[in-house]
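Each of the next two complexes has chain A plus one other chain: chain B in the first, chain C in the second.
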Partner chain A sequence: MSYFIQQVLNALGWGSVIALLAAGYTMTFGIIGLVNFAYGEVFMIGAFAAYFAVTVFNLPFWVGILASLIGAIVIGLAIERIAFKPVRGSGMITLFITSLGASIIVKNLSIMLFDDSLKNFKVPNFYSGVYLLGDIIVFKKSILIFLITITLGIMLVYLVKNTKLGIAMRGISYDSKISETLGVNTERIIIITFIIASFLGGIAGILWGMLFGSVKASMGAIPVVDAFIASVIGGVGNVFGAIVSGYILAIGSSLFIAYLPSELVGLKPLFVWVVFFIILIFKPSGLFRANIK
Partner chain B sequence: MKFEKKIIGKYILVIGLFFLTFYLLEKILSGFWLTLFLLFGINVILAISLNIINGWIGFFSIGHGGIMLVGAYVAAFLTLPTSFKKGIINLHLPAFILNIQIPLLPALLIGGIFGTITGIILVLPAIRLRGFYFCAGTLGFNIIMTTLAENLPNITNGAMGLRGFPAYTNIWWVWGIAIFLIYITLMLKKSYIGRAFISIGKDQCLAEHMGINLLKYKIYAFGISAFFTSIGAILWVHLILNLFPAAFSLTFVFTVVTMIVIGGMGSVSGSIIGAAIVTLFTDTLAPLEEGFSFLGFQVPQALGLTTILLGILLIVVLIKKPEGIMGEREIFHKLFKEKIN
Partner chain C sequence: MSIIPLLELNNVVAGYGKKDIINKISIRINQGGIVTLLGSNAVGKSTILKTILSQTCLKSGEIKYNGIDISNLATYKIARLGISVVFEGRGIFANLTTKENLLAGAYLLKSKREVEKNLNRVYSVFPILKERANQLAESLSGGEQEMLVIGRSLMSKPNLILLDEPSLGLAPKLVELVGKIIKEINNEGISILLVEQNAKLALGISDYGYLIRKGEVVLEGNCKDLIKNEKIKEIYLGIM
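Then we have the complex of A and B:
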């Protein structure tokens, strides 16, 4: 039993990264029907900005956080401007292909510039250490990461449900033309959505760096897929659902690996896809009711 | 009678021209240009067979890498020298596979059949999922196949990959199959089956109302596409001479998708043009990745440069000319019209 609990606790850190990314994903997905495959690169750039600020230039940690957020928002808006805005309205598949193209461009560019090796990510001191509960080990960092994610998640759910901005977002996702006639500035709301999504990407990038202590140029590939699946499972546009299913996926794949023979550990990526196919075949609308749409 | 003679004469002329051209090309081309020409042919095969799904049936698949992987591995077991297969300790294959080495044609057929079976698995998501979700599902298929190939070292030798293939691929195999594929797809486009494919792509429900059995024609389309995709992959493996699980990953499929998007979805001649552009583009720019010195400046190594440029090309095409170069039209339209009437 303690083995089981240990596995669940170990998955919390990874689950937080997935949950934040899934929340960002589900917002762009819900509002303009865009499956932003380049979101993993926004996340990666966020982590790299923090890495450069903290490890390379030896600046304090809060500057790193600021750099990460600015980097993520700049790259997110740049991708939106260059790759998505000109093809908006020409169907989900076109948008998906351009986002795939943008993802491959940014990823290869950063592999070219920074090479694809693991880079040490410096974290503040207060943050390491463990608590011992009987024979269960709890890392301080997983608790901190979990709390940050939950706080952000509550703020986000409040934003989408109760504020004027959130109502405008939901209006656009129902029908952008009618919202426009009712006085919603669609263009502005879409940009704000992208800023929020990139913000979440940047935070997730820092959390990844704090969790694993290293960053690399191709790190966006796996979380982006997991987060996409979490957003589908959570119901498209449902922020709460996305966060919960991010945790479900992370805990599920952690347990999947824990109870598998050790030579099959490499099969970890299969778990999320199996869940994805099961959900799409038996309950295509997702586990939770779609919130935005 | 007179009419038939004219057609037979035309066929003989075309076949004669084909043999003459490729005989001359085989004599003239060598080294880099020969490889480029062979890659062009293989890309034509891959692009046209992907176009059957993505352009005609209207299901956007990016999971053909999984099909290629199955076809290529099955053929690899059959054509690898027995000494190499026995030399790998990890490999636990049945004895009869370890002890045989067969020529290319049966390997192509057997690999193609296994690829077709894999392709028909892709019909399952195509029954339930529409549009983008199918796209995501095929992406998953691709990742699942690559992961399995990496993690079953008893069958695939894991991430180490297989080497020591006999260099079977030559102009006759590649371009013979490519021209055969071009011919049958152009014929198919005018036939009942091809029109059924295209009408499914235009409007699935309407096609069903017109009496087209959706499941049957989806299976046909995925079968044809998967068969030729795996043949293309097998030829590619016997040209490059090594095979590892990440060979047909998303980047490879992305290149093929770029070809059909540039050329025009649903157009056979568009696929050929797209394959020509992309092959020339990637293989002539490949030396730039290694770094070189230009007028005294040392240009550093830039791995992945061609992929980046390909991505930029794809986005520019999608913004400026979303239907691609050819749209759904064909160059050979007039040439073939006569034969069918």
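Then we have the complex of A and C:
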């Protein structure tokens, strides 16, 4: 039993990163039907902005957080304005290709500038250390990351469910033309959505750096795929569903690896895809209610 | 002293892409009036409403609201001037609850108190919506969805409501109820531009009417006169 609990606790940090990315992903996916593969680069730029502030320039950690958020929001909005806005309404295939192109450009530019080696991410001493509960080791940083994510998740779900902005977002997800006839400036709401999603990406970037102690230019590739899968499993446009699904995937993967024979450890990446296909077959709209037409 | 019409279309030509659907349409609605656009299917009635809302391509002519030129103004800006719309086929947000749909209609209101007041007002007109407040809008019946979108259009206290085929798909008793509600709304000072194929309903509740055919106005007049018009009787044989 303690081994099972240990695996669940080990997955909390990774689950939190995926939950935040999935929440941001599903917001843009829901509102403009965009499968945004460039979101991984928003996450990466956020992490790198914090890396430069804290590790390279030795600035206080709170400055690193600020740098991360600014970096992520600037790159997120730049990608939206340059790559997505001109082709909005062109259909899912065009948006998909555009987002892939934006992702490739930003990632490769970053590799050119920073190279793709692992960079040490300096974490304040406060976040280091463990708690011992009998046989179980609980990393301080995992608990902190989990608490930050849950707090943000509660705020985000409240925003989406209970505010004028949230109702406008969900209305646009369903039908933007009707929303406009109610006085909603859909363009402004889309920009706000991208800002919120980029904010979440930036936070996820810092949490990644805290969790793994390093960043690299290609770090966005795998998390963004996991975030995409979590957002679909959670019901497209459903923020609560995306967050829960992020944790389900991370904890599921952790348990999968833990109980797999050592010879089969290479099968780890399969777990999320197997879950994805099972959900698509038996509940294609996702575990929770989707927020789109 | 001449009265500025609340809404006027002057020689409007509009359509989708290269295709013109409406041709030199001129229509006027005065403050407090109910004006109806009559005509059979696919003659351009709904296109007129969508053109007012800048949802089609306006090729020539002008649209004025309270004397202000709103031709090609963004849809959300037109809504902010006090124009609400109820689309054909209802146009509910199926992913939102009944109450959330109504609150979406109050997007432009700044005061929570006003939102609450308008919500209670809508609930008093449509008590069934209060009963179904926490139900998803897609689970409502056709008649309830029609009430929902009419209620939603009232939430922002508009000056003018564009109603597109509100009786479509409704049982006769509900059609009668919709007619009653439209009159009640108008009695509160809200002007109505009504698009309808149901001539009996439309001419029964409206002050002035335009008969549309192939994107053009072929007949217009006070509804009391239009009802007696032989051309109307001929076109709507069996309905009158």
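Here are a few things to note about the model shown:
Criterion: the second predicted complex is superposed on the first by the 289 of 293 C-alpha atoms of A that agree within 3 Å, B and C clash if a C-alpha of one lies under 4 Å from a C-alpha of the other, contacts with A are read in each partner's own complex, and residues count from 1 in each chain.
Definition applied: a residue touches a chain if its C-beta (ideal position, glycine included) is under 8 Å from a C-beta of that chain, and two chains touch if they have at least 3 such contacts.
From a predicted model like this one, the values you see are computed outputs, not experimental measurements.
Chain B and chain C, once both complexes are superposed via chain A, fit side by side. When the two structures are aligned on the shared chain, A:F96 is found in touch with chain B, with no touch to chain C.
Look at A:A83: by the touch rule set out above, it reaches chain B but stays clear of chain C. Applying the stated contact rule after C-alpha superposition, one finds that A:N108 touches chain B and leaves chain C untouched. Once the two structures are overlaid, the count of chain A residues touched is higher for B than for its counterpart among chain B and chain C. Put simply, the three-chain overlay gives an angle of 90° at chain A, taking C-alpha centres for chain B and chain C and rounding to the nearest 10. Contact with chain B, but none with chain C, is seen for A:F276 once the two complexes are overlaid on the shared chain. With both structures placed on the common chain, the touch criterion links A:V130 to neither chain B nor chain C. Within the superposed three-chain model, A:F228 lies in touch with chain B and out of touch with chain C [touch as defined at top]. For the pair chain B and chain C, the model built by superposing on chain A gives 18 Å as the shortest CA-CA distance. Annotation: chain A has no residue touching chain B in one complex and chain C in the other.
Contacts from chain C toward chain A in the complex involve residues 53, 55, 74-76, 79-80, 84-85, 87, 91, 93-96, 100, 103-105, 107-108, 152, 156. Per the touch definition, chain A reaches chain C in the complex via residues 164, 167-168, 170-171, 173-175, 177-186, 237, 289-293. Chain B contributes residues 60, 62, 125, 128-129, 131-133, 135-137, 139-140, 143-144, 147-148, 150-151, 251, 254, 257, 261, 302-305, 307-308, 310-312, 314-315, 318-319, 322 to its touches with chain A in the complex.
Partner chain B is touched in their complex by these residues of chain A: 35, 82-83, 86-87, 90-94, 96-98, 100-102, 104-105, 108-109, 111-112, 225, 228, 232, 264, 266-267, 269-270, 273, 276-277, 280-281, 284.
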